[in-house]
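Chain naming follows the written order as A, B, C, D, E, F, G, H, I and J, and within any one chain the residues start at number 1.
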């Protein structure tokens, strides 16, 4: 349990400390298929799956493994998937001040299979888009195209 | 038979009772690949497959397993696939007052294979889109992109 | 041979007789992967594959197995693939007066492999779009998205 | 219902009439992936899937489509899968007097998904082996190897 | 929690009551890919996956959905995977007195991914073979061949 | 070598002679996955892969195997992939006067793997679009959608 | 038709002329997935698929494309699949005097789909094994293992 | 180490010397799935994957293997993925003066799996688009469509 | 580097402490697809892949996550793949005194792709079998069958 | 051409120099999917594909990339596939004196597709087994099992 909620003791600042670099790059950077494991705050039942992150840098890029660390900080807490998605997007926005951020989370929820409904195969998808990635449908579509297969 | 039509004794209100939460989230929430089993009202022949649901919340989100429960309520009746699709979409609209709802149902119909035509491999796809998801082609396309594998 | 050309003795009216229902549904209905087998009228050589049908109902829906029957009526004749595609689309338009119809046929032609060229792997795709599905690129794109795996 | 039980009016003799040929061939002949649809006699619930047939001819071979017809005769009845498998094997043995016969049936049973247990993904496999294919483990293994993809 | 441990209130006798039939069949009957969900008794952490069951009948066959029910009885308890596998095999042996029984369980254990080791992709396979299926390597191999894709 | 360059002795006119039919069809006709084999004119090294052809007829359609023959005429020469693509598109335009033509060639080049770079897995894609298929982005997108698996 | 039966004018001797080489090799040589197209002699209906050939050389090996040519000689005739399989095996035995020969043919028969039975997905597998490959079960198994994916 | 950084001793000019040809072609040329291996400059940890390159020629085309060579020049250095992507795009722009260039790099980073985070399955995607491919969303989308499967 | 070699500070005893349970089970227990990452001791170049472990218990079973921990202890050192395989097998033998142990390691070696040979796709497989799993070919074969897909 | 035949200037001794290590390991070591490219000596036509190598060490193991180098030495010559397979096996036997060696080569031959026969999809498989891997059918089968996907 302690391990599953260790996200509370970590902050984005600690994690990103020193891993933000100046790089003359302004096109989308995507890290996809980051494994994620979390606990639903309503019934303490696990949900897990993958996180896909994209951002449009404004001359600042972050070490790639740091994006995975940010996922850890917010998934190792009692969560709902909608909030987890938003918190990851907000944390990246605060740290990098990028032109845009996109986060998509695809997860299986144990509550869908361990209780009465028993829908073994269903998956839940949530997304948060900020900045250019929210306003410009073409960027949004490009992100969605690139995270597929 | 009793089991197959038990949907008549259930209402969306009973099922959703207490499972609607306030959450500051306004991007699309999708639950895909919900297994579905129903009976065609014309020949009492089974049809079954998957339901994909998406909605754009207006600060209200629903417990994910409840969407699967709504599928159960309307599929455990004598149905036609077109009406089933619409009823699921309407029920979600009434319960959550979301900005938009999308429901896609993909099913195999026993009548396509147990009778003369014998088309073993064909599948039927129906959809209902309401609100923003009906009017805004970009949202619609985004939903269709995200439910594909 | 008699079996292969039995489509000449059948009409859409006979087949659809009594299988058109009033249903308050106006979104696209798709039946995909309907197996098809026909004979090329030029060399009496077989071609076969799959038919995908979509239509936008105007309050009238057809029993799903009837769409497969319409495919049978027109494929069990001496044909060319382009005409087969069009005839299926026209027959549905006449019977249902829908807002739009889309038919896509994907087939392997024996003439591509039994004669000199020997292109074992090639497939031919033809399509006919009528009404809204012809004029509105978004509906057309939605149909093409939904018939893909 | 009449269509589903039309197997009762057909006999193997009628179907095979004139389609048994002398051919100097004594190695295994396999027809695999024959689509099958039947009704469980206990609850009148459908089960369907594929039949794989192999036999070791003794100078007599049968027209291939006739093996599919034999599957039709016995599946278009009220059945249990174990008996269906055996009846197909027995019918081939009587008609061809082969050195050996093997029949494997893989099916999905609606009763596994429309009632309480709801195991959408499970499949049932039954087999009957007669003659050399029963006694000689190597022939048996060869048959099982060849029917796999 | 009550739902997850409801297996304690059920017995194999109750479940199989009246669903054992006399059928003249003595070859292997397999039900594969039965979805399973259970709780590890050491840390109350979920594990889930698929159960494959085979048995060699001695003139008695069981309704197929009953095998799925037996899986439910023993998985809806606090378990370890090794014991679950054995209990399913023992229950079938007692009920049907078959010539042999084989049970294979493939499962993902949450403890492998929610705690320190984080091996997201690993799966655990256990098996119990009784009677002929234990002693005769050829039957054993045949069972393993048939449960593979 | 003679075989590989026999394309020089053939002309589109000879090949299409008598295989152009009047057919009242004006939607896209596609033949995809036509196997192709050619020789790079710079190093006489083979390149091979698939050709996808689409055209929008103006009341004239061509026998499908003829499109494969046109591919043969131009690939059985010393070529570069860019020119091969264009020549196929031009030949179809001249012969059929269609409203539009699209040709996509995907090929593996031996020079990418037999020489120093050793990139075993890379493939080269070239395309030529003429008429409506060049000017109308929607037609172009529809063609690209339909040639994908 | 002339093209489809041109196999009658060709003999194995003509084809193999000069393409048999001395090579100190005595382990199995396999050429798999040779495309094949033929005509059933009973109804003049096409059947087509793949041929897999293996042989155990006795110091003589044959140019690989010649094995494909032998397939052509015997498939471009009126055939039944069982005889085609045997003729290919016999021709190789006569030409190379190998220690053993194995031929497996997997084919789809148009008669299974253009006539009443309509089993679109079934395939027929025949095999002929001669010499060591007939007598030694281990060689036979090795051949079957190597021709699988 | 010397091998891994040999890119420093090579220039695009040397590599392309004499391999730029005049060809009357102005549609997109794509070379996809070029294997790439590089070293991250921050921790000297490897990252590797695939590069996809597209350009819109202005009457000048480059020998295809040269594009692979340009990938080698810039990947055999200490790099970050964002900069590698940009350098490849810039080098092609300088050498060919094309109407547009697109470069997409998909890579696995060892730092994501050898250190604490242990995200074995995640991949990073970066892109640089220049000229027409940057400004025209339709060209951009076409490129992204063609590099997918 | 410290992280990559932390295996030296851990012992199997510490890790297994208290996680060995008495369970009346004597059939094979398999944990497959355990992700592994290690460093080759000759050039300090990474190799990584999957470990499959099987053992035949003698009334003692180990907590499943502990097998993954044993993989960590020996892979987080400077290694060669052959030795890593053997050390995992030996550690399990010492801790559990099982009737038999089997360990298979499949890995990609960076040295195969970052240096001259550039074989991007090759993988190395090593195995160690002890006790019954070494001496009894049937157990060995059963293990190999079960770890395959 | 020089590049394609550079294998003549290299010897196994040079390549293996110093890369043979003493390691207490006597179970099979396999390196599979080594890309290979060669030229057929009869028509100077390319053939290419994959090599799978296994050996049973006698206390001596070889650096893994050296096995790939041995493949290079013998494939970069004018060859026939049967001889290439044998030479690789012999070279490993001489260098390591192992208890057994197995080499399997799967290749596509350009001559099968650039000349008359045009069998685009066929592949040729050759193998050489020496020592224990030749005499012991179980080792042979184990090798063949492990090189399959």
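Heads up, the rule we're going with is that contacts are C-beta pairs under 8 Å (C-beta built on N, C-alpha and C of every residue); 3 or more make two chains touch, one makes a residue touch a chain.
Since this is a predicted model, take the numbers as computed values, not measurements.
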item	value
Same-interface partner of B-D, chosen from the options F-I, H-I or D-E, over half of the pairs matching	H-I
Pair joined by the larger number of C-beta contacts - F-I, F-J	F-J
Centre distance in Å when subunit D and subunit J are each reduced to the mean of their C-alpha atoms	44
Whole-Å gap between the CA centroids of subunit A and subunit B	27
Where subunit C touches two or more other chains, by residue	35, 115, 118, 120-121, 141, 145, 148-149
Set of all touching chain pairs, with the criterion as stated earlier	A-B, A-D, A-E, A-H, B-C, B-D, B-G, C-F, C-G, C-J, D-E, D-G, E-H, E-I, F-H, F-I, F-J, G-J, H-I, I-J
Residues of subunit C defined as touching subunit G within the complex	3-4, 35, 37, 46, 48, 110, 113-116, 118, 120
Residues of subunit D defined as touching subunit E within the complex	42, 80-83, 85-86, 104, 109, 111-112, 115, 117, 119-129, 137, 140-141, 144-145, 148-149
Interfacial residue positions of subunit B with respect to subunit G in the complex	118, 120-121
Residues of subunit H that touch subunit F when the two form their complex	21, 23-25, 27-35, 50, 57, 61, 63-65, 68-69, 72, 138, 141-142, 145-149
